[in-house]
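Two complexes come next, and they have one chain in common, chain A, joined by chain B in the first and chain C in the second.
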Partner chain A sequence: MAQSEQEILEGLAEIVNEETGLDTDSVQSDKSFTDDLDIDSLSMMTIVVNAEEKFGVRIPDDEVKNLKTVGDAVSFISKSQS
Partner chain B sequence: MTTPAPKGTGTITAPAGATFSRILGVGGYRPERVVWNAELVEAIDSSDEWIQERSGIKSRRFAAKDESVVDMSVAASHEALAMAGLEASAIDAVIVATVTHPFQTPAAAPIVADRLGIQAAAFDISAACAGYCHAISLASDMVRGGSARHVLVIGVEKLSDFTDLNDRGSAFIFGDGAGAAIVGPSDTPAIGPTVWGSDGAQWKAISQRDSWVDVRDQDLGWPAIGMAGQTVFRWAVWGMAPVALKALDAAGVRPEDLDAFIPHQANMRIIDAMIKQLKLPSDIAVARDIADTANTSAASVPLATERMLREGEAPRGGLALQIGFGAGLVYAAQVIVLP
Partner chain C sequence: MTAERRVVVTGLGATTPVGGNVPDTWDAILAGRSGARTMPYEWVEQYDLPVKFAATLKTPAEEVLSKVEVRRMDPSAQYALIAAREAWADAGSPEGDPERLAACIGTGIGGVWTLLSQWDNLREKGPRRVFPLAVPMLMPNASSAAVSLEIGARAGAHTPVSACASGLEAMGYAYDMIRNGRADIAVAGGTEGAVHALPIAGFAAMQALSTRNDDPERASRPYDTGRDGFVLGEGAAVVVLEEYEAAKARGAKIYAEVGGVGMSADSHHIAAPEPEGAGASRAMVEAVQRAGLTPKDIVHVNAHATSTPVGDVAESNAIRRAFGDDADGMPVSATKSMTGHLLGAAGALEGVLTILALHHRLAPATINLDDFDPAIKLDVVHGEARKLPAGDIAALNNSFGFGGHNVAVVFTSV
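Our next item is the complex of A and B:
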């Protein structure tokens, strides 16, 4: 069943926290994964795979580079779920 | 026209092999020149810290200009023979796993054999970073099948010749070196079943950039090896952990029975993530040779093995799970008894 964008954001924040130790509150829609959260490409891939599992979606490798901000990831996951 | 009938007068004598096989000795060769991250950072606008964070690599060895994969193979082979307590004349076959012998033909293996003073069967295999684990599987089957009593297996790379030092994604990853193992008969099972396979649809994930023909016809530059790092990371961690578990299962060994885990030294982050996926008990020694050897492709598993034994990190006679994975994409894993 599709989740609200807020639920996805919270779930994603938990995944980011687990991988990087960053506070869940710092994971906001407008934050850039690389510039604001300092997440490198390998951590990003770990987050992507965990997100796939948690939200039951498929995020192809080619798509990952388009997910610049947390908000980009939330809307991609939301669209994939619907 | 009538179909000819077989004469039926001759019968073939079946080859007689050993019941079991084992690795009798391992050896390694690391080129003299140490290349620290500091030497590479300028060309890729990077830093020692950045490289270490992303790969766990502090330094690597680069072979001398006139030092070939054959030279390195011979050096590692002498060590493996010494550990096995065998003369080169006892070797019936030489298998070299490499992707950086710079001759399309002939293979490196016959030249290595000649340098060892033998005329054994000799051939190369191309399975990139999984080459050594593929060759161990072949060697084990050859010993058990009766086509050889002792097989010299070599994983060797001179990746410095095929690395683009201006490529941010790969310049710091690769290193040079050779590892060798002697596979021979055993009274007890000491090389488990190999779990192996391929995913050729992803062949472009790690590859020589252009074919030799395109290099010639389109006047392209030197075709160094390129890599789609994120794609490889995902495949290596989440694709290979299940393969490692299957190899354990096929050997009838539980994770807690292992003394050592010796994965291909691709990237420290891959090794760490893999351990997490495998949920390996923390008392199992894990090969981390990559820190000062970098990724030596086919040479990485035997070099890491040699080091763990030499430095007493893993016990001789202990059980080790080894897994190779790389360009192809291809992979192979098996449980072995350490020599």
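Our next item is the complex of A and C:
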């Protein structure tokens, strides 16, 4: 059930909105989770676990620190799905 | 040695089974409305609970808070935040040194919804699905921390835990902080969000709850011969306490003064009250003495009166033991007849209702009192609210908890 990167971005934006209240439009590929979106590590873990469930992938804890931007997460999820 | 610091009440907040804020709650209390209702939750039938009703919030927290606030806080902390915001705004959001501002929010049980829902997650989905905020949400100090964050309180954030006396103990703690100079302003009260299958099953197992499932609104009936246990309630109540001179200087609206606080422990039984009321009466006497008053000055008592067969008589005995014949001149209100028993928030809510009774000079009527129990030796207000006298008056609020915790606070008119 591979999804397009655009679909993943939209799905991820919904998860971020649910967790932080940030507007979905502000969740763009070039945005940094910490610097731009002000998401702390606990919220990040919640987002990761919710993304695993929503996209049917596994994001290892070691990998999370490499997901600096929303785009990093979208590409990782996309690769994991294919 | 400087003059003794006086402590006054300058803001009130509450979300309760009878109203989503203080004005609505007070209107409902004067109108004699019950907040008890059949629980809409599927688990009531799923577990075939022996008690199928509770005094749930009049205005659900989801209608007041943002989606993110609801996700990140246990219901107990959500309710505390709602009440604290109202109280803080009511006090005019006083500006001051954050290091002189405190938060004291008691709770009886803490984040029981979070604890049990995350336990379900662990068992059904595994450890990775346990919410990363599970621990800071379930800890009992989550509410005082949330309030401290909200108002920027840095003098201290404290969480007295003494079962059903917690909310009033928190007010007593805050009063002491201001009196002894640790703070100038404190936001204080209690919260509870424990309308959940487990606490209900536990209280039911000890036969503490009313089982009047066919008539929830008439189930909480303190002092009535037909009383058969308390009605579990939820919600929060919070006050803003301030050092008197500073409050006066900034032109704050002053509802009442905290005259004195008395506390004691029964050391008798983990759950049952000491039947002669020795400990409870000591707390009451101490509160009156510390207020520099005599029993004749007390014109109203908001009793703990949970509607249990044993507890109501024990408190009546304790009041008599404390004040003798002077108790004849103390009209007593049992507001749990309407609100149900909010556990760790009960003392705080009844503190707010005592303050309002002084402020409006009206002692609310106790509802569901159809057949007065002759074992109760008190002048219980029922039928309609009773006018309190003009001039300087004082009122007493009692709060007792499992474990033998006794707290009594005297409030005075200003």
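Just so we're on the same page, the second predicted complex is superposed on the first by the 82 of 82 C-alpha atoms of A that agree within 3 Å, B and C clash if a C-alpha of one lies under 4 Å from a C-alpha of the other, contacts with A are read in each partner's own complex, and residues count from 1 in each chain.
One rule holds in what follows: a contact is a pair of C-beta atoms (placed from the backbone, for glycine too) under 8 Å apart; a residue touches a chain by one contact, two chains touch by 3 or more.
These numbers were taken from a predicted model, which means no experiment stands behind them.
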- Once the two structures are overlaid on chain A, check if chain B and chain C clash or fit side by side. clash
- Item | First (chain B), second (chain C), both or neither touched by A:Met45 | both
- Query: A:Thr20 contacts which: chain B (first), chain C (second), both, neither?
  - Reply: second
- Message: Touch test for A:Val64: chain B only (first), chain C only (second), both, or neither?
- Response: first
- Message: Just to be sure I read the superposition right, which of the two partners does A:Ser80 touch: chain B = first, chain C = second, or both, or neither?
- Response: neither
- Message: Contact-wise, after the overlay, does A:Ser32 reach chain B, chain C, both or neither (first, second, both, neither)?
- Response: neither
- Message: Of the candidate stretches 3-11, 129-137, 291-299 or 381-389, which in chain C collides with chain B after aligning the structures?
- Response: 129-137
- Could you pull out which residues of chain A sit against chain B in one structure and against chain C in the other? 42, 45-46, 49
- Message: Touching residues of chain A toward chain B in the complex: what are they?
- Response: 40-42, 44-46, 48-49, 61, 64
- Query: Contact residues on chain A for chain C in the complex?
  - Reply: 18-21, 42-43, 45-46, 49, 52
- Message: For a test of understanding, state which residues of chain B touch chain A in their complex under the given definition.
- Response: 53-54, 228-231, 233-234, 237-238, 267, 269, 273
- Please name which positions on chain C make contact with chain A in the complex. 66-68, 71, 128-129, 131-133
